[in-house]
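Take a look at the structure set out below.
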Amino acid sequence: MNFLLDLSTPITLGILLGGLYALIALGLSLVFGVMKLINLAHGDLMLLSTYLAFTFMNVWKLDPILSLVIGIPVLFVFGFVIQKYLLNRAFKISMEAPLIITFGVSIILENLYQILWSPQARGISTSYSIRSFGIGELHIPVIYLLDFVAALIIMFALREFMRRTYLGQAINAASQDRGAAQLMGINANRVYAFAFAIAMVLAAIAGVFLGLTFPFTPQSGVSFLIIAFGVVVLGGLGSIAGTFIGGLVMGLAQTLGGYFFGASAQMFVAYLIVFVVLGVRPQGIFGR
Amino acid sequence: MTGEPLLKVSNIDVFYGGLQALWDITLTVNPGEIVAIIGANGAGKSTLLNTIAGVIHPAKGSIEYEGGKTTTLEPFNMVALGVCLVPEAGRTFPNMTVRENLHIGSYNHRARDKKEKNLQMVYEHLPLLKERENQLAKTLSGGERQMLAVGRGLMSDPKLMLFDELSLGLSPIIINELYRVLREIRARGINVILVEQNVRRSLKEADRAYILEAGHVVLSGKVAELREEEKVQKAYFGA
Amino acid sequence: MKLSALRLKEGLTPLIAVAAILALFPLIGIPQNWLLYLFLFFIYLALANMWNWLAGYCGLISLCQPAFIGLGGYTLAILTWIGLPFYVGIIVGAIVAALFAMLISIPVFRLSGIYFAIGTLIVPELLRILFLIWRPVGGALYGKGAGYVVKGATQFPTTDIYWLALIICLISVLVMRFILRSTVGLGLAAIRDNESTAASSGVNVFNLKFYSFVAAAAVTGLAGAAFYISQGFIEPTSAFNVRWTMILMLATVIGGIRMEEGPAVGAVIVVILHFLLARYGGASLLIQGIILVFIMLVAPRGIVGAVRRLIAYRPSHFLQRLKSRHSR
């Protein structure tokens, strides 16, 4: 009985964290699933949002979530430039070009962050991000709860958008069969651009919440990418519910891994699960 | 009904995949007509339909629809004008339900206001679709998917429908059903261009026909007259 | 697997000549820092050749080469702590790298494209964390993580390290030559062109990829072990660092992916860059990244590719070919 009680903290935290992880995977799911874009720098783009929010907080005392007003457009511009001027050309060059080029971009961004913000670990702290509250034996940081609630709201909004609006359905259709979607009267290019914009918004938001929740370094982009990818692979492309469950699994993997094997092993367990799932069932548990 | 043709394709050359597929094609569709395009595999029938729909653009020549030039328009423009292509094998969206497929068919702005009305109309013509409303398209049989494709095309509120190999690979029962719907579509005043390998069937429904061979129109005219032509008799009716 | 003896012998003499000359360098008083540049060149070339094999010829854009480098280095270091001689350590390092490659090939080969890239990206990260936590043999150099001294490395003569690297580099060059000029190379070209067609023509796709991956890992492990002898110590964050991937990718891309001579040309440039940029610290990788992206966009076939194209279009060359055709 004691054992179960002890587990209740990592389990609760893991579930809450899972919401955040689902959130970071949503952007990747759109970019990769709908637009079939291969962007190894996606995690580093999220990190850009994190560093921007950090700067706004430290220099202008602007609340990071409010700073998204600037963060989102910045991310959109960066992502757009990468997509239009680098990736579009890369596809035509060779099969390996998109991977190599986005790898290069990832390295560029990482080192840019290192120059601008130093290799030191940073965190975004606000009045609410450092508090925690207690329920019985559990101590839960407020930010974890915020992450989870934000994730739920956004996932719900996204799902309704995809299901109930013409544009959402158009994105869905274009990702299944671009040519047939055109025949429905859908302007595929415009729809893709819109999907991309949404993906960047999601990535920006995810970046801010990540910065509020964990300390980050210029190299954090890689771990964001791996986790986001892991969630996508676990939950399957194209399923928001799947993404949510994938997020939960990753969150629990990390917290339980840390509980059983020590704090330094948390990411190890998480990465290992991603690797194993990739090897066993790359299309995900809910995938098509 | 005026004397002006609804669709006028004039002397188009079309290239596909780097090779020339169509040479100097001229074709008209008059209001109220069903026009059939027949020919062997690889003759260019699909390419012609795709060009009319805006998926491919001709290298030479022009296409006019309702008096306006549409040669360089994109498919989504053509749909907005009322030209709807039902592609080969239907190409329904596999991970959307029947209802969602029909819903997305009314994407263009003209059709959006009429969505509910058109949906009821589609269900009248194709009651099977109502039965399978909530089924994912990928779980349907080939014939059912083709019906869904037709229904989906109707949702776009078209004036001219293009059917690419409507009956390909389907059973005679389904084919009968589809042709019944075709006649009902025509009765609603929607124009049709029919591309078929099933020559007998398509000539039965059509008013006029064009015979394509290796990218050229070799024969055209009213179906009744074509049937008399010796060449046609030999090639397609084994007389 | 057939070898065309004639094709293998092509150009072998100049290669042996160059190798012999390079081998003599330490004995004829070439300055130490030049030997260091050449040492790095040998190591980088070996790594780049292997990556060219995987990415250029097998379609495996492997981002997990640092795993093999680090494993080679760690095996060597650990074996020196157990008291085994260097040469044992190096060879076992290669074997460990190869075994590890066999292990991860099972999950990883089911993937393609970005899935493969991410899968291979995770592997060095896993090892990095693992070696930060795990200390296989006693003692540590630094407080954080399993940093190890390579015991006895300081006594290892510089000329010996130089020759070791030269030999490993030669091995990589010969392996590439062997692959490209035998039916293995044909099979690989077929796979790259169209995997399913190749499979239906009887090419055993999985086997070819598997053997390539494992063999490349072995040679990469060799190079890693040799590098860490010269370094004298090893620790996880730099051993399994993406910096390695950047080096071998850049060398291959600058020189010319899918060209036999590409990595050699590229490795020269990367060594030069390495020293030009050394003083700039963090900006060094930044600049390398920019160069990588730039070259991929502007000259995707690299220097060797560009040169080959120029040669093909030279008018005098064209006339000469016409003449020789007429004279038959």
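Think of it as A, B and C in the order they're written, each chain with its own count starting at 1.
As a working rule, a residue touches a chain if its C-beta (ideal position, glycine included) is under 8 Å from a C-beta of that chain, and two chains touch if they have at least 3 such contacts.
Because the structure is a prediction, the values reported are computed rather than measured.
Averaging Cα atoms per chain gives one point for each, and the point farthest from that of chain B is the centre of C. Among the chains present, the centre nearest to the common Cα mean is that of A. Chain geometry summary: the mean Cα position of chain A and that of chain C are 33 Å apart. Computed from the mean C-alpha positions, the centre of chain A lies at a distance of 44 Å from the centre of chain B. Chain B and chain C have CA centres that are 57 Å apart. Listed in rising order, the residues of chain B touching chain A in the complex are 53, 55, 74-76, 79-80, 84-85, 87, 91-96, 100, 103-105, 107-108, 111-112, 152, 156.
Touching chain A in their complex are the following residues of chain C: 55-56, 59, 61, 63, 106-108, 110-111, 113-115, 117-119, 121-123, 125-126, 129-130, 132-133, 242, 245-246, 249, 253, 257, 282-283, 285-286, 288-290, 292-293, 296-297, 300. Within the complex formed with chain C, the chain A residues making contact are 32, 38, 40, 86, 89-90, 93-97, 99-101, 103-108, 110-112, 114-115, 119, 222-223, 225-226, 229, 233, 262, 264-265, 267-268, 271-272, 274-276, 278-280, 282. Listed in rising order, the residues of chain A touching chain B in the complex are 166, 169-170, 172-173, 176-177, 179-188, 238, 288.
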